[in-house]
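Listed after this line are the structures, all set down as structure tokens.
Two complexes come next, and they have one chain in common, subunit A, joined by subunit B in the first and subunit C in the second.
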Partner chain A sequence: MEQYLGIMLSVLGAALAAGWAGAGSAIGVGIAGESGAGVMTEDPGKFGLVLLLQALPGTQGIYGLMTAFLVLLKVGLLGGSPLAVGIWQGLGICFACLPVAIAEYFSAIAQGKTSAACIQMIAKRPEETGKAVILPAMVETYAVLALLTSIILLNSIKL
Partner chain B sequence: MAPAERYGYTVARLRAMGNRLLDESSYQRILDSEDLDAAMKVLGETAYAAWIADLKSNREFDKAIESELLYVYSELQKFVPDKRLVEICRIPYDFHNIKVLVKSHILQKEGHERRFDLLTKLGNIPTDDLVMAVESEDYRLLPYGLHVVLPKSVALWEQAKNILEVEKELDDQQYLMIRKMGSDCAIPSILAWTRAKIDAENVRNAVRLRRIGVDASSAESFFHDGGYISKESLVALLSEPLEGWTKLVGFTDCGILIGELKELGDMNHVLVEMERVLDDYITKVLSKAKYGAFSEDNIIQYLWAKEMEAKNVRILLVSVANGTNREMVRGLLRRVQ
Partner chain C sequence: MAVAELKKLDLYVHKSVCDDVLGVLQKVGCCEIISRTDDASREAPVMNERLQQIDGQISDIRFLLRFLEPHYKDPVSSLDRSLGERPIFSMEELEKLSAGTNVGDIAARMHSLESRLMAVRSEVSQNIGQLDLLKKFLDFPYPMEFLSCGTERVRGISGTLPVASLQGWKNAVESRLGKDTEIFVARVDEKDPDVWVTLLYAKEREPEAFEISSKYSLSRVEIPRNMTQNASDEIAVLKKRQDALAAEDAFIVRKVGEEAEKMVPAIRSLSDYYSSLRKRFEALDDSIVTEQTIALQAWVPVKAVDFLKRELLPFRDSIEMVLADPGEGDLPPTLLQNAKAALPYETLTKLYGVPLYGELDPTPLLAPFFFIYFGMCLGDAGYALVMIAGLLYFLRKYKRMPSSVKQFMHLILGAAVSTLIYGALTGSWFGDLVDSVGFLSFLKPIKNLFFVIDPMQKPMTILGIALTFGVVHLGFGLFIAFYDCLRKKDYMAAFCDKGAWITMLSGLLFLLGGAAGALPSVFSPIGKWMAIIGAVTVFLYQGRGKTGIMSKFFSGVLAVYGSTSYLGDVLSYSRLLALGLASAAVGVIINMLGKLSSGIPYVGWFVAILVVLVGHTFGLAVNVLGAFVHSLRLQYVEFFSKFYSGGGKFFSPLTYSSQYVDVTETSANS
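Coming up: the complex of A and B.
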């Protein structure tokens, strides 16, 4: 029972990381997409620029998925032979996933809003595309920091 | 989607639409045209091209301007989440139509011809419905309180035969509706815009009243409630020389702009200049919208910019057609954004 509970807590952590980060990305990409659709209704020629900015909040979902993979690899669920994971170890893995779950969710939404605003900016000033990409990329910093924290925490838990 | 972001599509589309607003160089090219035909040719290279093709003669340019505005209003009505924001901008056209119909009604009773050609399609209420209501004197279904104000205005005319009183009654209702709809939206920036609009109208009225020599004691009823400037201050303007107006209303943004009026000459000149200053004041109030990526006031700001563009085009074409001094015309052009 104890052995299974440890594994289940690890799976919960992986699910939270992938789930929340993915949900955040979906909302962020959706917000940016709405703005993109608005611009493209009037100026379809801006598709390339809009797509680039709309894709930016999607990275958080990838970070969540990556974290989930790391957890599943760590507890051996991907290889087909699960390791013995204690309750405290499982709980540790679950907590290690929280930085990704929380930060990716909120940063993806924030990045979506920034991307949407930058899409509006390139609608007016297409020559400022470089700056328009940098602004949402600043939000990405905190998503990467959360990913690093989760990776470090996961590596610090010995099975 | 959270309410804050529901304007993402709308604002982005408006930003893209904003690129098609005429710029300074287009105005300059129209102004530099030799005659109206040349000016219309320049206008034909802009968003107005679609409507110019339908004109029988270039002298009908007003129809092209109205068609472009109508297209913009109809298009926005389709994709703006809160339709009231477009509706509130069209209210003045409804009241314009009502005034035309009331005056036509009066003219008809006096044996003159009715002027339905002055009606505009830009209002919220279809012109046919308005004509039907006035012709049949059945006002029950008219919105914006017109079911009460319209028969009252007609009765006022019949009692006092004073068109100024009728206009006042209708204007009061118009600004009451704008204020009410602005409050119903419960958006601070929209509320600020309605208050600024009321201030602008009140100051415009003060100049008009002064021009026709209305006594300060009977002027209060010509001003509307709800602006930043109190009615008392507005009444005080009438007994103050124009140069001293900034002292009385300088505490508002509107008052500061009045202070920037240069070379106050005769009242006709002041009225023309004041119209431009007050339009620019509203443009300034709305210009803050550009900082909000998801804010609703972008809709009002775009519609106002389009109205100002239409006004500029009308000024330019009339001036080119009449050969007015170009330098003077340049001074009349409104700021668009």
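Coming up: the complex of A and C.
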């Protein structure tokens, strides 16, 4: 029983990371896409720029996926036999996933809103694309920091 | 200094050579005309009718391109064209072309073709509507005449009626109008809530028929008066007409296609020609025009002055040039001048906004950092190889691409080289492709040759490196600010503001380093005193402008508290580690998915190759975007905030416009 609980807690962590981050990205990309569709009804030629800005909140989902994979790799669920993971270790891995699960979800939504606003901006001022890309990237900082925290925490748990 | 020095040129030109001189100015392409439209001394624009004439031509050309281009099969793709694959013309050739082409006539001809096409198409859609209507009357045994205009004795109405009120309507008609009517009801469709009905009645009973019908909410459909025969006959006539119209449509489209084939290239060239002329006369419009002379004002880079003088030599008897330094109230534009190695990075400066005239150009300062950061963020040698190959292909294929595109490609090429180096050092070649795919294991010695550190295993080491870069970068930014203040002879700000910050922050660093044992312990007390002196200076300097002891105190404290922002700034550089890890990890994940899918029986190898190819393409795109944006952000937000504010206007000289063709004899502004 005990050895399964450790592994399953790790799986819970991986699932939370990938699930919440993916959900956040989906919402964020969706918000940006709605705005982009509005702009493209006026000027379909802006597709490239709009797509670029719409893609920005998508990275959180990737970070979540990445964290999940790192966890699965760590406990040996991917290729090879599962390692023995104690309850406390499993709980630690689960907690280590929380920064990604929480910060990626909310930051993706916030970034989606910023992207949507920036899409509106390039509708009027296409020459300011450089600045329009930077503003959503400001939000992403915190997604990157959360990812970093999760990676470091995962790394520090010895199995 | 990397912002080019400009001279203000006052050019007085006699009217007789005005056009030629403007032509030369446009040809050399190194003069930005200063607009004097708000100048009080300006007289009524004399040349405006020429501008109007050109505007007329341009609007004709716009119409022609809008109308003809959809029918034109372009032998050069728009990507090729935007990368510089454009026909080359000299201004004389374009002049000849414009003399031999009467744009107005062509536009008139195309207008008539267009209106014919519109007429045909609107008739076609009208006929489709009539055909739909007539189909409802196929069961109607009488000529349509009864319904459209009525005969001497009989009239009829037709329309839709809600199924629910059908029976009521029928009863009402029979009881009120009796024998003088005849009712036709089309087959009731179960899904349709309405039914199509037709009612014939004696002419004199019309008011009653209308009254009953409107009571049962029959919505009447007007039958066009030209329909007189039986429905099937009318349909036959209309179908014949439709065929004729379709043939005419095809004929016109073919004709337009032929015209487009013949004329679009010429029209496009003329579009550029007239836009160029327009710019030229706009310059005139921006200048002061008197009876005999034109007074132009322009900004000219100092380096181009001799060249310009040489070009204007033939007109020396009819012009007068006065060169002066920018004065007090002037707002000169900014022209960046950089060595070849830093040139690609100008793109980044322009993206943020160029410096004001006379300010520092940050281009060479940010270049090395951007180069390194991009490499660390992307950090995969395999991706770098793909990028380098792609970029080299484009750079070799398109020799004549516009300089801005070329600069950008060189920028990314440099970044890819940096990525190659960092990826090789960290042993990341398409993630862990070399290790995970059996038959690639012969590449392992090459990989191991360059391999130094694996960020996955030792993230803290890379984090330390990233944060060190942050400290260096921020410190460099502060030093630039310090130097900039010295350059402007603002010694107070240099020493009490920037210098104090540098003292305080490096003191804190020494203190930290000493405490952590990274530096000899003698640094600790030195650091302590440096930090204290710096903090006190910042405290005093920031408070000096305020009145009242309390506000002095608080603004000073607030300023010292601002040092925490440096902590945030430094930590922000941890993204170099995180993004590098992310691209490496995504690569590993893709390889693993490929490996897993190779276990599928029979088609496994194919699926695996597909997964790896598609996955790495996706990974490359996402990570390049991320690496670009984040290494740029470190420049804009962390680095620039220390010393740079942009706000300049980019130098935009009078040149030819070249949307479709390249006009030669334009010397690049030097």
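Criterion: the second predicted complex is superposed on the first by the 158 of 159 C-alpha atoms of A that agree within 3 Å, B and C clash if a C-alpha of one lies under 4 Å from a C-alpha of the other, contacts with A are read in each partner's own complex, and residues count from 1 in each chain.
The rule we apply is simple: a contact is a pair of C-beta atoms (placed from the backbone, for glycine too) under 8 Å apart; a residue touches a chain by one contact, two chains touch by 3 or more.
What you see is a predicted model, and the numbers here were worked out from it, not measured in a lab.
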{"item": "When subunit B and subunit C are modelled together on subunit A, clash or fit", "value": "fit"}
{"item": "Partner chain(s) touched by A:Leu65 [first = subunit B, second = subunit C, both, neither]", "value": "second"}
{"item": "Apex subunit A: angle to the C-alpha centres of subunit B and subunit C, given in degrees as a multiple of 10", "value": "50"}
{"item": "Contacts of A:Ala84 with subunit B and subunit C, given as first, second, both or neither", "value": "neither"}
{"item": "Partner with the higher number of touched subunit A residues, subunit C or subunit B", "value": "C"}
{"item": "Which of subunit B and subunit C A:Gly30 touches, first, second, both or neither", "value": "first"}
{"item": "Which of subunit B and subunit C A:Thr141 touches, first, second, both or neither", "value": "second"}
{"item": "First (subunit B), second (subunit C), both or neither touched by A:Leu51", "value": "neither"}
{"item": "Partner chain(s) touched by A:Ile151 [first = subunit B, second = subunit C, both, neither]", "value": "second"}
{"item": "Distance of closest approach, subunit C and subunit B, by C-alpha atoms in Å", "value": "8"}
{"item": "Residue numbers on subunit A that touch subunit C, as the complex places them", "value": "52, 55-56, 58-59, 62-63, 65-66, 69-70, 78-79, 130-131, 133-134, 137-138, 140-141, 144-145, 147-148, 151-152, 155"}
{"item": "Residues on subunit C engaged by subunit A in the complex (per definition of touch)", "value": "351-352, 459-460, 463, 571-572, 574-575, 577-579, 581-582, 585-586, 588-589, 592, 595-596, 622, 625-626, 629-630, 632-633, 636-637"}
{"item": "Complex contact set, residues of subunit A against subunit B", "value": "30-31, 34-39, 41-43, 46, 113, 116-117, 119-120, 123-124"}
{"item": "Residues of subunit B defined as touching subunit A within the complex", "value": "1, 5, 8-20, 293-294"}
